[in-house]
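In the two complexes below, subunit A is the common chain; its partner is subunit B in one and subunit C in the other.
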Partner chain A sequence: MSENKEIEILLSVYDKNEEIAALTNTKLTNSGIYAINVMGAPGAGKTTSLIEIVKRLNNVTPYVIEGDIEADFDTKTLLALGVKAIQINTGGACHLDSPLIDKAVEDLKLSNGVLFIENIGNLVCPAEFMIGEHAKLLVSTVTEGSDKPYKYPLAFEKADIILLNKCDLLPYVDFDEEFFMKGVRALNKNAPVIKVSGKTEEGFDEVVSWIMEKVKK
Partner chain B sequence: MHEYPITQHIISVASEYAKKYGGTEVKVIHLVVGETSGYVSSSIELYFDIIAKGSLCEKAKLDIKRIAPKLKCNQCGELFVRKPFTFECPLCGGEGSPTEIGKEFYIKSIEI
Partner chain C sequence: MSENKEIEILLSVYDKNEEIAALTNTKLTNSGIYAINVMGAPGAGKTTSLIEIVKRLNNVTPYVIEGDIEADFDTKTLLALGVKAIQINTGGACHLDSPLIDKAVEDLKLSNGVLFIENIGNLVCPAEFMIGEHAKLLVSTVTEGSDKPYKYPLAFEKADIILLNKCDLLPYVDFDEEFFMKGVRALNKNAPVIKVSGKTEEGFDEVVSWIMEKVKK
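On to the complex of A and B.
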C-alpha cells in the first residue's frame, strides 16, 4: 500500500456558524436593532427578567425571540404584554445557532429597537455559539449557588452584563457573594453585575439604563 | 447532541478536500478539539461511523487531539490548567485569566 498523503486543512469548525452570525449582526445593525443574547440556566428567570426590562423601556420598541425546546408559554406571556415575540422550538437542541436566528430575524421584520433573544435554558452551549448578537446578558441566581462561575466559566467569561436574580432570597440561602464575585472577576473584568429580583422588581432600572446606554451608541 | 451536525460538516469538508486532491478515500482525519469548545470528542466519534457510511470517509480513522483549557497568570504569566473552584496560579498564587487555549476546534488535516 502506498503511503498516506497528508493534506493540511486548518479550518475552524465554528466558521460556518460565525459567518452567518456576522451577517445577521450586520443586518440587525443596519435596521437599527441592538440585539441581546439572553442566557441562563432553566428557571433562572430569563423570561421574568425580560418582562421587567421590557416594562421599563421607553421610546424603544422591544422585540423578543424565544428559544425553547418545547412549548410556547413564555411567548404567550410576552405577546399578552403587547411585545412582538416569536417562538423558536429547537425540538431538543440545547442552544440556538445562527442559521435559526437569521431566519427568525427575517420573519420578525424588525426595525429600530432592541431585540432580546432568549436562549435555551442551559449554562453551557449557549455561551459557545454566536447568534448575531451585540451583547450577551447572563441571568444567574442566588439559588443556583455561588460556585457557578467556577463550574460554568465560559458563560461568565463571555457575558457583557450579569444579572444576579432572586436576590430577595439572599437571607434564606447560603450564597457566598464574595466567592461568587471573585470567580466572576477572574473571568470577566468588565461586565457589570447587577442584583435584581423578579419578585420585588429591584435592580431592573439599572439594567435598563445599561441597555439604553448601549442602544444610544 | 449538537455534535451530529458538526460531524456531518467535518465529513463533508474532509470528502471535499480528498476529491480536490484526487483521493479516492479519506484514511485519517486529524481534529483538534479544545475541551471547552463545547464539543465532546466521544460524541463526535459515536456519530462518525453512522454519518460517514457511503462517503469517502467511510473507512477513515478519527484522530482527535484534545486540548485542556489553560489560564494565564496575571502576575507571573504562567499558563496553567486550573483546579476545581479556584483560578489561582499553582506557581505564585496569582489570579489566572482565561485564554483561547482549550476553546479551539478545527480540522487540522486529512490523510488520503
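On to the complex of A and C.
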C-alpha cells in the first residue's frame, strides 16, 4: 500500500473522531453539562487535583470519567468520596477517543453539572483528539522541569487552564519558573497558570473559581 | 471505510516498522554497536540519567540520538559534554519509529560503542514500537507515584533495566516502594530495578556496570 493511502486513512480516522466529538459536545451542552478534558503526564497529579476540585464544588454535581490503560484505583478513590465516576480502560491506547466518551456519557446519564474526563497520562496524544469537551485543563508539575512547554507544545497551546502542581516540592527541585512561563506564553496568551499543590491544597480555590465562572455561563 | 479495513491498515504500518527495526538492529550489531532505547514519562530525567551514564563509561564510545517533538536543549547539553549526539524532532509524533532511527544511524556513522536512543517522553507508545535496539532502559520516578507499573504495564513489562529516579525526593513524597516493586515483578521477573538520583548521582555506577556487561557480550 502506498504511503499516501495510509496517510489518507489515518486522516479519515481522525476526522471521524472530531465529528463524533462535536456531537457529544452538543449532547452535553443540551444536558446542562460543562465538560473538562483533564490532561497531563503520568503521575502529574490529575486525580489528586480532581479530588481537591470536587471537594470545593458547591451546588454543582461533579461527574468523572477516568481514563486509564489498565487498573481502576482512581475511580475507586473517587467513588469512595461519593463522586459519580466510571472507569474506561483503553487496554493499550495512548489517549481517549470520542466514541469511547460518547458511550460513557450515555452510561453515566448526566444532567446539570460538570463532567471531568481524566485522559491517559500522556503529554502528547490527548491534546490531538477532541472528546466532546468544552475546555482542556492541563496539569504540569515542577518535578517534570521547566522545559516542558518547549518540548510538548501542543498540550500547552491548547490548554484553557494550566495547573502547575507539586509546588510544595519547589525548594527541592531545580525549576526555572520564568523560563517555564516564557515557554507557556509563547504558545498560549490567555490560559491562567495556577500554582497548586495536592499536598498542601494551595491554589485549588482559584482553580474552582475559574471552573465555576465557566459553568455559570 | 469499514473498521476492519482500518485496523488491517494500521497493522501493516506497525509490521513495516518492526521489519525496518530488525534490519537496523542487524546493521548496528555488525558495526559493533549495542543500542539502548531509553524510555520514560516527560520529565522523568532521561537526559540527566544519560549524562550520568556517559560520564562513567570507560573505553567505550557513547553515541546519542535525542528524540523530541520539538526543541533541542538536550542535544546541546550532550554536545557540550563532547558526546556525539544528534537530534530528531518528530514534529508531533508521540514515539520514535524505525525509519527515523535507521536514517539517523546512517548519518551518525557509528562504529564500536554504545548508542543511546532517547525516546519521546511518553510511558505508552514508545514501548510498542521497536527501533532497532538491543535493550530497553526505562526511567521511572518516585514523584510519579508507585502505581505506574499498574497503569502503564507495557513499558514495565518490556524494560530490560529500570531506573527509579529522583530518589533524593523520597523524604518529601508519598511513594510506596513495596507496592511499586510488587507491580513491577508481576510484569517483569528479571529486569534489575536500580534506585538512582540525577541530583546526588546515587546508583549510576550500578547502571553502568549493567550496561558494560551487555556491551562486552
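Criterion: the second predicted complex is superposed on the first by the 204 of 217 C-alpha atoms of A that agree within 3 Å, B and C clash if a C-alpha of one lies under 4 Å from a C-alpha of the other, contacts with A are read in each partner's own complex, and residues count from 1 in each chain.
The definition used in the following text is that a contact is a pair of C-beta atoms (placed from the backbone, for glycine too) under 8 Å apart; a residue touches a chain by one contact, two chains touch by 3 or more.
None of the values given here were measured: they were computed from a predicted structure.
Visitor: Going by the contact rule set out at the top, does A:Ile7 touch subunit B (first), subunit C (second), both, or neither?
Guide: In the superposition, A:Ile7 touches subunit B alone.
Visitor: Could you say whether A:Val124 touches subunit B, subunit C, both of them, or neither, answering first, second, both or neither?
Guide: So A:Val124 meets both subunit B and subunit C here.
Visitor: Thinking of the overlay built on chain A, is A:Tyr150 touched by subunit B (first), by subunit C (second), by both, or by neither?
Guide: In the superposition, A:Tyr150 contacts both subunit B and subunit C.
Visitor: Which partner does A:Tyr172 contact after superposing on A: first (subunit B), second (subunit C), both, neither?
Guide: After superposition on chain A, A:Tyr172 lies in contact with subunit C alone.
Visitor: May I ask you to decide whether A:Lys136 touches subunit B, subunit C, both, or neither, giving the answer as first, second, both or neither?
Guide: The answer is neither, since A:Lys136 touches no partner chain.
Visitor: Give one of first, second, both or neither to describe whether A:Leu187 is in contact with subunit B, with subunit C, with both, or with none.
Guide: Touch status of A:Leu187: first partner only.
Visitor: Which of the two partners, first being subunit B and second being subunit C, lies in contact with A:Lys46: first, second, both, or neither?
Guide: neither
Visitor: Mind sorting out which residues of subunit A both subunit B and subunit C touch, each in its own complex?
Guide: 5-6, 9-10, 12-13, 92, 94, 124-125, 128, 147, 150, 153-154
Visitor: In the complex, go through subunit B and note every residue touching subunit A.
Guide: So the residues of subunit B touching subunit A come out as 1-2, 6, 9-10, 13-14, 17-18, 21, 23, 27-28, 36-39, 84-87, 95-98, 103-112.
Visitor: For the complex, which residues does subunit A have touching subunit B?
Guide: Within the complex, subunit A touches subunit B at residues 4-14, 16, 92-95, 97, 124-125, 127-129, 147, 150, 153-154, 157, 183, 186-187.
Visitor: How about subunit C: which of its residues touch subunit A in the complex?
Guide: 1, 6, 9-10, 12-13, 41-43, 68-71, 73, 92, 94, 120-125, 128, 141, 143-145, 147-148, 150-154, 166, 168-169, 172-173
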